[in-house]
């Protein structure tokens, strides 16, 4: 007989007047416990169902099709195709690299920016910045690409300013449409995302800690080194993970900027969706999607491990 | 016995960072400078491209400026429809999200505390599964009657917004003593719906507003899924129209950016009565 | 929860020979925007003295403490420690140990590391730090909890660790900012005694901020009652209680009742007697005044034609407090609980004044 899941027990532990089924029951048969568990967890059913339908099923579809040939047989050929070198493998590599760069750099910059904002005294500015972060974190695609073309493209506004100073970056090997150009454009939504996500953690830094440290003789730097940074680290890491996912998954911006000239997995999937398929490789798109999911799962694990280590004190 | 002060000096731990001039309580000149610099640089990075885009949009080939791209906006074909579609999607997404998440998160906080772990994991999933991949699966798996409605996008947007909405609600609830509030309300005779609506929701104002803001921003800015699902929301319209008249479409893009920003700021400002809560009361 | 081993305390006491310094706060003024938190506040503290800053919220007591600690700069005025002006010395170097109201322990360090933090900053060797931290934790009765993290400790335990941490650096002055306010009553009472005993043993100059008069009166050598940024009265607890010098102090410390009196030639008329005016009689001008009476200053006798009627009774243990309606005023009188039966509700009583003089103040307008 299946045992009741833990969340059923959590409810029966309490005996509030609101307890629907719980501790008052005398007889504790396993069926009784199961029914109780189900009854307690019933209200979260809509949520679970929604997630299953909206997220679970599409994912299962992808996983399934990744391993199916066009005729519908189980096959590893798709997986083989995307992992055995060539554009797909390069795509994964470049996408990962891009994700890493655009999570570390904007992550650090975003933390400083968030700190600068949260310690300011101007309420209006804080509100403006909060909503700006929300808007910009979701801004991307063609508009963003275009904005940057207008800014630091070959004939962009800033480019002409810099050229007037003799420092035209395009003359020194810079290209907006190569890896680093794309990374700079990504910062436009990655930094706001970081600010958005890390600000609540910054508010969790109590002024009393800072003052206590000062009172005991700590300089600004020593406070940060011994208290501030260690306390923030788990949240900062968690936020950087969000950035990693965002940088890895970004599609529209990369597509608009590079038009497919750089191998990036989301672009390759997009191409597939838009019908650019080679016959015999119809399900490559699904395999690529599956690959992305696997990579993201691995990075979740990686980040979680890092977080655990940095927050031993949280237990 | 030597005072601790001399120990400091000997060890070089003396902090010479701050000018020791009494200036009404804030000795931190240097920090203010540094903060100002960061904000300035950030402001430049984020505002200059907007300026560049606006410049492009309002400037003719012969270099003359005119506001005609902006004035021509209302008369552009499809814009009105696209705009209202985006707005409708935003509203529907918001409503579904709130109806789904608020009661669930409240219930979990109250009665199923261990399930919170599960929820944390579940709400990370939309990030693990990239939107481009998700739409891939949705388009394949969704029934035709659903695909023929734009609100399929709303349903998927709810999933996309979930991580942020959950985090917001979870931390908002964490700051309240939910159990006590609910028991007090129930003991006074309120039913569940009244309790949620009249007691909990008002106390969750900040969290709900923040979740709303994020959801609306998400929907109004989402391009990838909408375009691949072949629905002309505002972002999709802008990109499509780029082929016709780049000046106008850029103008629309910038205006929608600024407009969304203003709208969201207003929404956040609805929380004004509590805006001072993070400042410490130093008058006692 | 005993405090310490005698030896450890002695060692700490002799080591802390820099303890017992004098502190002078001189005419401190501090504005926050348009609010005046400190309005010319002055206070002299003798070496080794325990002074409580007592007052309602907004009176400036915490601001005064923070100015002393160096977290706030006064707009004008001086802070002198051991005779020298420390106003320009930053908080890091003032050598004062502070215990905050709550949650000031560093969450990422266990109790021992928290206590040792100040020593770590002073580059003490790891083994010396650990020993000292362990000693101090023993001193506050938390020896076995050294490896626990703050979130694993109760509120009372956290505050004791905070105290140990503040003492670890052997400060010249110990500052406590309402350290017990966030704790529940029983823990508060225990900690109160422990802090006081520790302070006396170490003979360290201590400033203690609180809004709880019971705390202030039971712990301090002297209490400074503050109101609106100034000191209303500074005196030992017993003097403060028995001879409040202003109406504010009389009503804030202990219980007092107000009654209208009229000023005559020799004093004021009350209950058919003439009572002298306490303090400087000449400075009180008008004829219509209020007298402030403590419950133990008045005696009630049952009288069928008495002018007072018993309206209310509260059993307080050894005494019972009855409230007597007397010509529009409500006067609280303490009687022995053994006699309380005579004072049923509705009983008519006569009142008489026990004290020789009364504290008077301007008549409060009718509400």
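Points worth noting:
By written order: A, B and C. Residues from 1 in each chain.
Methods note: a contact is a pair of C-beta atoms (placed from the backbone, for glycine too) under 8 Å apart; a residue touches a chain by one contact, two chains touch by 3 or more.
Keep in mind it's a predicted model, so treat the numbers as computed, not measured.
Among the other chains, the CA centroid farthest from that of chain B is the one of C.
Of all chains present, the one whose mean CA position sits nearest the global mean of protein CA atoms is B.
Centroids of chain A and chain B (each the mean of its C-alpha atoms) stand 15 Å apart.
The centroid of the Cα atoms in chain B and the matching centroid in chain C are 47 Å apart. Spacing of chain A relative to chain C, judged by their CA centroids, is 53 angstrom. Within chain B, contacts with two or more other chains are made by residues 4, 8, 13, 15.
Contacts with at least two other chains are made by residues 90, 92-93, 121-122, 169 of chain C. Annotation for chain A: residues touching 2 or more other chains are 217, 219. Every residue of chain C that touches chain A in the complex is listed here, in rising order: 69-71, 90-93, 96-98, 100-110, 117-118, 120-122, 149, 151, 162, 165-166, 169. Taken together, the chain B residues at the contact with chain A in this complex read 4, 8, 13, 15, 17, 31, 34-35, 38-39, 42, 45-46, 48-53, 55-56, 100-101, 103-104, 107-108, 110-115, 118, 122, 124-141, 155-156, 158-159, 162-164, 167, 171, 179, 182-183, 186-187, 210, 213-214, 217-218, 220-224, 227-228, 235, 238-239, 242, 246, 250, 253, 257, 260-261, 264-265, 267-269, 275-276, 278, 280.
Residue ranges of chain A in contact with chain C, taken from their complex: 206, 208-209, 211-219, 222, 226-227, 230-231, 313-315.
Across the interface of their complex, chain B is touched by residues 6-7, 9-11, 14, 16-18, 20, 40-41, 43-44, 46-47, 50-51, 54-55, 57-62, 65, 112-113, 116-117, 119-120, 123, 127-128, 130-132, 134-143, 146-148, 150-151, 156-158, 187-188, 191-192, 196, 200, 203, 207, 217, 219-220, 242, 245-246, 248-249, 251-252, 266, 269-270, 273-274, 285-286, 289, 292-293, 296-297, 300 of chain A.
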